[in-house]
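Next, two complexes with chain A in common: one pairs it with chain B, the other with chain C.
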Partner chain A sequence: MFGWGVLKGMLVTLWNFLLTYLWPKKGIFTVQYPEKKLPLAQRYRNFPFLVYDGTPHMIRCVACKICESECPPKCIYIIPEKDAEGRVQKKPAVFDIDYAICMNCGLCEEVCPFDSIFMDHEYEISKYNRAEDLMVRKEALLKPWEYFAKIRPHDFERIEAKRAAKSAKAKPVAPAEKPSQKPDAGPTSPQQGSVPKNG
Partner chain B sequence: MAETIDQIFVLAKDRFLDLLGIVLPDWIILLVRILISIAVLLAVAPVVMMYMTWLERKVLGRIQNRYGPNRVGIFGLLQPIADGIKMLTKEDIVPKNADQVIHFLAPVVIVIAPLLVLAVLPFGRNMIAADLNVGLLFFLGVSTFGVIALFMGSWASRNKYSLLGGMRAFAQMISYEIPMVLSVVPVILVTSSLSTAAIVEAQLGWKWFIFTPWGGFAALVFFLCGVAEVNRTPFDLPEAESEIVAGFHTEYSGMKFALFYMAEFISTFAISGLAVTLFLGGWDGPAFLPSWFWFGLKTFILILIMIWFRGTLPRFRVDQLMGFAWKVFLPFTLANIFIAALWALLPYPKNFIADTIGITVILTLLQIFNRKETPKKRKYLYAN
Partner chain C sequence: MSLPCAPTLKTELLEVSIGPQHPSTHGVFRMNAVLDGETVVKLKPVMGYLHRNHEQIAETLPYLANMPYTDRLDYICSMTNNFAYALAVEKLAGIDVPERAQYLRVMMAELTRLVNHSLLIGFLLNDLGAWFTPVFYAFREREKILDFFEAVSGSRMMCNYFRFGGVKADLPESALDQVRRIVRDYPRFLDEFERLLAGNEILKSRCQRVGILPKELAVNASITGPMLRASGVNYDIRKADRYSIYDRFDFRVPLGMTGDVYDRYYVRVLEMRESVKILEQVLKQMPEKGDILSAKGLQACRAPRMWKPPAGDAYGRIESPKGELGFYLVSDGSPKPYRYHVRPPSFINLTVLEDLCIGQKIADAVIILGSIDIVLGEVDR
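Moving on to the complex of A and B:
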């Protein structure tokens, strides 16, 4: 009959309208954002952060600059720490990431041989000033290894297993090599990567 | 008591005028009596419009499985005010090549018509700003006037989309004006009056015209034409977002833009009010609630139906729109005048039968003449 389809459509919308009052859980899908948030997927990624074990001084990063050179938009800036005699240490003195430039590709996480940089779940980072506020320094980037375990348990398990296997393999060699830490061990030397606790 | 609440606005007005009468001469009282009605209408109409936008957004949201505005104030009730402030503080852009004067005048003129027609709507018993003896004619005449303002805006913008929207508006409004007026003619014929107050009085005591065979269909046609007159979905071709940006108000911003919306919403209210007056018994209703409440309730329901339309139906094509007016509504309303005449002429059981037969015949004929014509498959004699 003429107009029957119109009536059927009207009933559909009427039912949806009533459903929002009668059965809000089924009827309304809105997540009222600032108050409620959807749980993020584990593999969600946006901006990188640095990992430390225990205290912020035990930073895992060895300032090897692999992530800096791999970063497609070149948003990472690293200066390795130097001791009193000017020898390069396996530790970053400056580690800046410009969040305004970072494009959330996650390549830094992929290339890092020391499992020290990972993509974060923090997305409420809007700031008033693009130049200063979004240039994130080392202190602000540092987050404990337990935080990573919390946001990405699956990856945590995988990486822990990998690290455990590596350190088990490296253990017999480690005492021999540890004192022989040459000053010429450049920032890009990846040996001993399995024991970054000293680095 | 019920009588007092029913007449509370009228009594308040009289009381106020009595008090003024102590100090002022009679001729000023006469002026004030008129001015009060005008002031009340001018104050109420924008508020009605503001909360209609709120209602529309709420209902549309619910239809689309979300909450609508609920941030500003409780249930988002302050949202229209926030929107008003936003609109007022926005930059007012006038295109460089626009006709400055007409571009400015169009949004001003467009709100005049919907505000004027409110004067002849009976909002309740004795609550009519101007009981003209040609009230209905006044309403139909003045509401058409809005299309001129609309075309002014579209022409003065010097924008192709605006002009297209204006052209569409003109074609649509003129097409739908005819069945709209013709669907009202039976009411005039039966009540033999053009005064809206007299039309309501003729329907008192549940003799609403929508319950008569001719009135039911006339109400449907009138309401649909009314939806087309105020450019609402599914008849919103003049401002079709997905086709011509925003149609006639493409080049408007800030408060001028808001005025176009104001005109649209107030005329929505006015058309709903007139449909209630003509077919749904106006302010007639069970006496335990005041008459103005019944008028408001019925108008509210009609507005809700319009919003429901908007949440459901897709836009017409231009040919469908024109075909609907000229092929369906126009012949039906013409026949409906005759059917209503039969109703008025014959005694009770006979007129009901006559009307039923008449409506069945005209609907069948419309069905037959409007059936879909599928061309026969062409035979190619020589191609092979």
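Moving on to the complex of A and C:
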């Protein structure tokens, strides 16, 4: 019979329509966003943040610049801190991430040997100004290690176990890290001259 | 019936530019159509509005750093893009993949096929005038798969999950149940979807015998994927090349008869059923535990900037939901590829658009375009 196919299709929509009233749990799939929010997966990644232990002065980042050079769209800018005599310290003086450029790939987190940069769960980051507000400085990026424990408990446990094992045999591990830092110092050191540009 | 003044009326061809901002062009695609009344006489696709210099960017980056960029090619199925790129690099450097990672890869690829096909069918029906109902039914199911992708890889669409020699991370605890639920519920959704529109008389009269792609033309224009199979050519790279571990699964390749829009639509529905079948087998056969990244792969992923594959070239290809997706890499032994080329299925499938549209009505040109299944991120790169 001509038109039977149309009617059969209409029955499906009718059934789905009725389902929203009869069995809202199955029938309604939409979440009323600003009022209601879905829980995020632990591995959810959005934009990177920096970790500190205890107080914000104790930044875990040692300014090795591995993430800076591995970042595919090159959205990270790091300048290591220098003491009075001009010696490079293991601490960033400038650590900027341009959120407008970052593409949330998470490679910085994967390559960081010091567990100091992680992907955040914060997603409500709309800003009025692209140039000023989306260029996030070190102070805004810093978040406590406890925050990480809260958003990603599984990874927190894994990393804590790894760090505990590392500090238990701190001496043999320390030299093994050196070679991975050394090669960065070469190509990236000329950038230290460009302090006025970034800082 | 003709109007009395018709013979004296001066008529001429009308040139219409459809797009780049047009709801039915699936992105920023433009068609320059020349019409005689309502019939298409000539149709020229204009591409390049979304050109992002993908290939050149890849040549300035280490191999792994290009992985997130491949997500952005065909943004609906980022997992399969990763898959093809990983295969190409593994071929280049001779990296092996552990057992469990292989199964995870196939699982992701087949879930991606479900996402892509259900979405494409939804939008195709949208173009036909089934205004948004099928799209939202498709979105509802897609959402469950994307939730799974988020739990596993961290991102819903830009997954960046594959690594050379394996995958980025193992499944989290309850993720396998999530897949089981998807696999259990999907056939029911497909039944519902078919009941919704497959028998619809309006859809049939709009789609059948419209935009017929003959077998010979399909082969000569190197069309691949569901579009080729809808024309009745039995060619599926999962069967022909048997990359990864596809030789272990029992599935069939659905073929069309006439190669019209309806066949292209229906072949995809059937393909989804086969994908569900593969997923069931994956869940049954997958080892409980195991490595997800081989030792050689770990080397490549730990410090991407230092990793150098041997000099040579490699071509890795897979059956992506849209067709043959291939990555051609030439390495000169440095950490960056010397040459990097993508063979995008939607771009090459799009080349027959004019042949399909000539002689059809302009309203049909829209559904023919929809049935080709293009994503502009991949066409323009």
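Rule of thumb we're sticking to: the second predicted complex is superposed on the first by the 162 of 199 C-alpha atoms of A that agree within 3 Å, B and C clash if a C-alpha of one lies under 4 Å from a C-alpha of the other, contacts with A are read in each partner's own complex, and residues count from 1 in each chain.
Please note the rule applied: contacts are C-beta pairs under 8 Å (C-beta built on N, C-alpha and C of every residue); 3 or more make two chains touch, one makes a residue touch a chain.
Note that the structure is predicted; figures quoted are calculated from it, not measured.
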item	value
Touched partner set for A:3, first chain B, second chain C, both or neither	second
Touched partner set for A:160, first chain B, second chain C, both or neither	neither
If touched residues of chain A are counted for chain B and for chain C, the larger one	C
First, second, both or neither for A:70, with chain B first and chain C second	second
Chain B versus chain C as contact partner of A:44, first or second or both or neither	second
Which of chain B and chain C A:16 touches, first, second, both or neither	both
Partner chain in contact with A:110 - chain B first, chain C second, else both or neither	second
Partner chain in contact with A:29 - chain B first, chain C second, else both or neither	both
Chain B and chain C footprints on chain A, overlapping residues	2, 6, 9, 12-13, 16, 29
Interfacial residue positions of chain B with respect to chain A in the complex	59, 62-67, 308-309, 311-313, 367
Sites on chain A touched by chain B in the complex	2, 6, 9-10, 12-14, 16-17, 19-21, 27-30, 32
Interfacial residue positions of chain A with respect to chain C in the complex	2-6, 8-9, 11-13, 16, 29, 40-45, 66, 69-72, 103-107, 110-111, 119, 154, 180, 183
In the complex with chain A, residue positions of chain C that touch it	61-62, 64-69, 71-72, 133, 137, 140, 143, 147, 150-155, 158, 160, 168-169, 172, 192, 195-204, 301-306
